[in-house]
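Each structure below is given as structure tokens.
Two complexes, one shared chain (chain A), two partners (chain B, chain C).
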Partner chain A sequence: MLSSKRLVLAHFWLAFTVFGLALLLGAWQMLVRSPLLAWISNPEWYYRSVTAHGTVMGYVFPTLIAMGFGYAISELALERPLIGQRWAWTGFGLVVVGAVMAMVPVSMGLASVLYTFYPPLIGSPFYYLGIVLVVVGSWIWVALMSLNLYVWKRDNPGKPVPLAMFANVAGSLLWGWTAVGAALELLLQILPVALGFRTTIDAGLARVFFSWTLHAIVYFWLMPAYIAYYTIIPRAIGGKLYSDSMARISFILFLVVAMPIGIHHLFTDPQVGAGFKFMHSALTALVALPTLLTVFTICASAEIAGRLRGGKGPFGWVAALPWRNPMMLAVTFSFVMLGFGGAGGLINMSFQLDASIHNTQWVTGHFHLIFGGAIVIMYFAIAYDLWPHLTGRALTSLGLMRAQLWLWFVGMIVTTFPWHYVGILGMPRRMAFYDFTNTALAPEALPVTISVFGGFLLVISGALFFVVLIKGQLAPKAEAGVYRFSIAIHPPTSVPVALNGYSLWLVLMIGLTVVNYGFPIAQLLALKNTSVPAVYVGAQP
Partner chain B sequence: MSSERLFTLSNRWFTTALGLTAGFAAAAALGGLVLLPYAQPNLKFSGIWDAICSAAGVSREAATVAPSAVEAKTSAVVMTSRMLNHPSAASIGHGGTLALQCAICHSGDNVTRSEFPYLAGQYAAVIYKELHDFKAGVRVNAIMGPFAAALTEQDMIDLAAYYSYLPRVPAYHPGPGAGEPAIVLSGAPLRNIPPCASCHGAADNKAGSPRLEGQSPVYLKTQLQAFASAARRNDISEQMRNIARRMTPAEIDQAASFYAERP
Partner chain C sequence: MTLQDNHAAGAVVAARVERKWAMVSVAVIVLLAGMAAFAGIHQATMPQARVETADPTTLHIAGEFVESNLGSALEPDGSVTVRAVAQQYSFTPQCLLVPAETPITFRASSADVVHGFLIQGTNINTMLVPGYVSAIPIRFDKPGDHLMPCHEFCGIGHEGMWANVKVIDKAAFLAMTSAHRRLTCVE
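And then the complex of A and B:
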């Protein structure tokens, strides 16, 4: 039973509200850069919008989803009230205050530095302080998840930790450690300049620190989706989880190898040695492993569902799956987008292949397909699954849900496939204006126009999502029954101690981080004369 | 099971996980730090340690010869957004007195057509920087050089305070009204030219960039040409030289007359 319904609902509602606003900004950005409209003439407006879109979508939205979902999992999986509810509300309050504090200067054009900060660009200190507050708020959640797990384990010695909570804690620990890179960059490098104590900044070192956060943050975004794959989907489609151990190993692998690979974002940066770029590239390849394990396990779980429903033969079980069930649609769309996005990601992570698409729209297409597509569609699914238990009212508009998921899937494909294509043509990302009348850019005009219509579909889908939730909120009270997670074919009665806790894996995670980041950071810290003058954004003459 | 110890060599999970992780990291390091550098035929190493250092990105002296001396001086002025923001009345007054010797060319009212720049209402940081650069010989001009040579640091600050204090009297030189040229509004991205308007007014003003609206068209055109030919080279990080040398003569004309005609 959920005793923290209001807490979880507050996180979800705030998350989806800011998501809706940022979605509109995204669509606007696509429209004004396309050949469909005359240009807005002021790049500042564009970058302001991109900063708001990225900050909300990258930090605020997924963090709130992970936090809210995490609190729900803690209560539902451990079957006891959340310890530290007051702290949880404090964390929520910090995220709210931080988000507002960051968004005010962005709206005023005083912090158009994009969500990745890009020093030596320096914006208003309130922007960075706001983000620090969001992260600190989320660290309260990190601490609470481990605390709740610890207390449960103390009271249930030797029992296997429920998979959902095990995975949830993996996500929180991953975030706790991965956020350290950006926190160091903000506190040691950017804030002193933004506050006026210094006028120069080592942009190369800042980029290395940010890469520490930048890649693993994607896996933090991904965690709720993966938790849903393993612990919600098999139950929702009427099947069983194929393997509990496989799930645990996947989450452990994410924890250990998702972090020390971020320098693959810096393949063209001169301040990092080629050897370390190769090492990060090699470990990036390893991160495909838990994803492949997951795809295999979930497909096997779906096969179990199909056969339980009477499907026969090598493919008959596919036809027997509950295709009118929104959860079935969500996981299918998510996997298709994960497949395409992952295939594109293999190009990004390859030391040599990356050169042909580095800093092009290909990259924008890639992370929208993975995050906006494969992950966010699972956030929708999580909301649909939990909502009746949070509100005590049933979601009955199954047709609307299916339409919403279809539109999101088609919209995301139509948005991102043309971006990949124009990226191969060489279209740079992060540009406020493209002169499509120039013959060199003319071939990009049509794909860019097509992608704008994908953006419109996404906006319609986003609106439908709110319609579904609001209709649910207005529906009559209906008892949702006991919430339960998927059950494995062989529910674990005992698991090795290594698969029931995180001490070993945290040691390996930190060890690999030291191996892969220690030298590049130490070397840049030791080098003299590497700082460049700050460029103040939004400074009025 | 709860008595099972994890951090011990008898726990296979521990040994396997540690071994695989360390093995993979070592293999990746071997590949990246040893095999990769030797696989590049154009790199020559004195030994394996040299190769490792090279791949790890250890910085070293690239050349033993001293870099050739740069003949042109560069500006010593650091522009910040808060520079000279709140001048005192005394500073403005002193600046006004000093400005009497400037008024023969830089009239306060901006109504005459002139090849000299109008200064009333210009940003203080801009006036200060140009005076400083004239004095230091970074910006060369036969008339301004001697004037600036006699100015003290405080004089330059006061002159900047005075001119920025003066109200901008719109120097409105109505022209044919050709509309807003593309070079001003959109720049030319494929030639790496940002829009003039995004720094110099019409869309946005950026710290360090002079306000150009109502400026003398002759002056604007001369300066763009001077940047293009590198006769003028006191722009920060060569920004304006890079822009002006890629502009066509027609675009220089369009930009100059657009800003001159703008109130």
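And then the complex of A and C:
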């Protein structure tokens, strides 16, 4: 039973509203840099837009989804009201104030530095302060998740922590720690310069701090999707979860190995030596493990569903799956996109192959496929699944939901496949304009144009998503019944201590980070004369 | 068999299949990491080994990146070193001239913000971070023209930051080195 419905709904509505606005910006960017439209004459608008789109899609939107979903999980899985509702609203307020504070200077063109900040470019201090507030708001959520679990454990000694809550807290802890990298960069390096206390900054060191956040943030975005794979999908398609302990192991692996590998974003950076690049590259390979385990467990859970519905033989169960159920469609599309995106990820992860696509449009294509595709489609699924319980009204437009998911899937494929291809041709990213009349760039014109149409499909899909939700809010009252998470075929009666808590894994997470980052950071701090003059963006001193 | 036994037997099978899959996954990952290590060591495609620094504020007045030293230089061992500087929103030199079938090292740095250095149709792809020197070895198989865009956002003129690389026949290149100490497309 949910007692914090308004809290969760507030998070979801704000998340999806900013998502809808940023989606329009994305489609506009796609269009203006394509051969379809004449030169916009002021490139600054483009970078303003990319800064807003990236900041919203990378920071604000997924953070709000993780927070709202996390509060819902805490109540539904622990079966008790959330402790610290006031604090939760305070966190929400900080995210709202932070998002507004960041977006005002961006829309005025005073902070067109893109969501990665990369100093020595420096924009308005309000942009960075706004992001700090968003992060602080989310840290309140991190603390509340651990607090709620702690109190539950105290009252239920020896009982296995419900899987959904176990995963949720793992995700929150991962975020709490990974955000520290960017926070250090903002507080120690960027803000003093943006506020005028200092005029120089070590750009190489800043990139190392940012990479600390940049990899594991990806797993923070992904957590809600993975939680839905394990704890919502098997139930929603009429099956059971294949293995509860494998799920726990996957989430623990994310916690430990997602962190100390971010230097793979700096493979081609001159300020980090080859040794640590190699180490991070090797550890990066490990992070594929929890995903491979997840794919197996979820496919096996789907097989259970198919057989329970009467499917026979090695493949008969696939045909027997509830293909008209939106949740079935969502998880299938998500897995297909995860498969293609994962294959691309293996290329990014190897230093040698990365050299041919680093910082080209391949990279933007890659993360739109994984994040915008595989992950965001599961955010839709989560909303569809929770909505009746949040609003007390049924979602009945199943046909619309199916159309929305199909359009998102097809749109993502049509957008991102050509996007990858032009990256292989060497098309650089983050440019407001490309001269497609140049014979060397002419072959990129057609694929870029195809991408634009994929983008239109995504906008239509986004609009349908809002239609479904709004129709849901306007529908007559209908009791949604008790909310259930998936049940494992062999539900755990007792769980080894290591799989029921985090202490050991937190020690490993922090230890590995200190080893893998401490040394490169110390080396850079010891290097003399690497601070360079700041370059201010927009109308600034 | 009772239902209870059935359940237990099922659990054993499930755990076995799961373990097998986990082992396959680990094997795949070890293989991939091994391949990367092998390619790195065997074909010497490893990242730049040493961290080198260069002060962006004095880049143009002292050291190897002074304007008169930019462009392609023939080394005593027959290899070629190409030096370039990036700044908002251009590269100096704007057109690099290099010989085919010759070991070449690009050395570059930035005079202001972070820029990117990518030569289309090759594996040359690196970041230029102010304060640091990027060094990349390469060998061009045949003569030809390549575009060289900056691939990192460096300010509102980023989309205009494109340079060129002209690869010419080795003999022709060597002939030109007798007249000029440093070569670019302009000579």
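One rule holds for everything that comes next: the second predicted complex is superposed on the first by the 539 of 541 C-alpha atoms of A that agree within 3 Å, B and C clash if a C-alpha of one lies under 4 Å from a C-alpha of the other, contacts with A are read in each partner's own complex, and residues count from 1 in each chain.
Here is the rule we go by: a contact is a pair of C-beta atoms (placed from the backbone, for glycine too) under 8 Å apart; a residue touches a chain by one contact, two chains touch by 3 or more.
What you see is a predicted model; the values in this text were computed from it and never measured.
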item	value
Which of chain B and chain C A:A194 touches, first, second, both or neither	neither
Which superposed partner A:L186 touches (first chain B, second chain C, both, neither)	neither
Touching partner for A:A88 - first (chain B), second (chain C), both, neither	neither
Contacts of A:S494 with chain B and chain C, given as first, second, both or neither	first
Contacts of A:I382 with chain B and chain C, given as first, second, both or neither	neither
Touching partner for A:G158 - first (chain B), second (chain C), both, neither	first
Touched partner set for A:A66, first chain B, second chain C, both or neither	neither
Chain B versus chain C as contact partner of A:I217, first or second or both or neither	neither
In the superposition, chain B vs chain C on chain A residues touched	C
First (chain B), second (chain C), both or neither touched by A:V132	neither
Set of chain A residues, in rising order, touched by both chain B and chain C	43-44, 271-274, 277-278, 282, 286, 431, 433-434, 438, 440-441, 523, 527, 533
Residues of chain B touching chain A in the complex	1-2, 4-7, 11, 13-14, 17-18, 21, 24-25, 27-29, 31-33, 36-37, 52, 54-59, 78, 80-82, 123, 125-126, 180, 185-190, 194-195, 197-198, 203-209, 211
Contact footprint of chain A on chain C as seen in their complex	7, 10-11, 14-15, 17-18, 21-22, 25-26, 28-30, 32-33, 35-37, 39-40, 43, 45-53, 55-57, 88, 112-114, 116, 118, 120-121, 123-135, 145, 147, 149-160
Complex contact set, residues of chain A against chain C	43-44, 47, 112, 114, 118, 120-121, 202-204, 207, 242-243, 246, 266-274, 277-278, 281-282, 285-286, 288-289, 292-293, 296-297, 300, 346, 350-352, 355-360, 425-426, 428-434, 438, 440-441, 489-490, 523, 527, 529-533, 535, 537
Touching residues on chain A, where the partner in the complex is chain B	39, 41-44, 157-158, 196, 199, 256, 271-279, 282-283, 286, 431, 433-435, 438, 440-441, 494, 496-499, 501, 503-505, 508, 511-512, 515-516, 519-520, 523, 527, 533, 536, 539-541
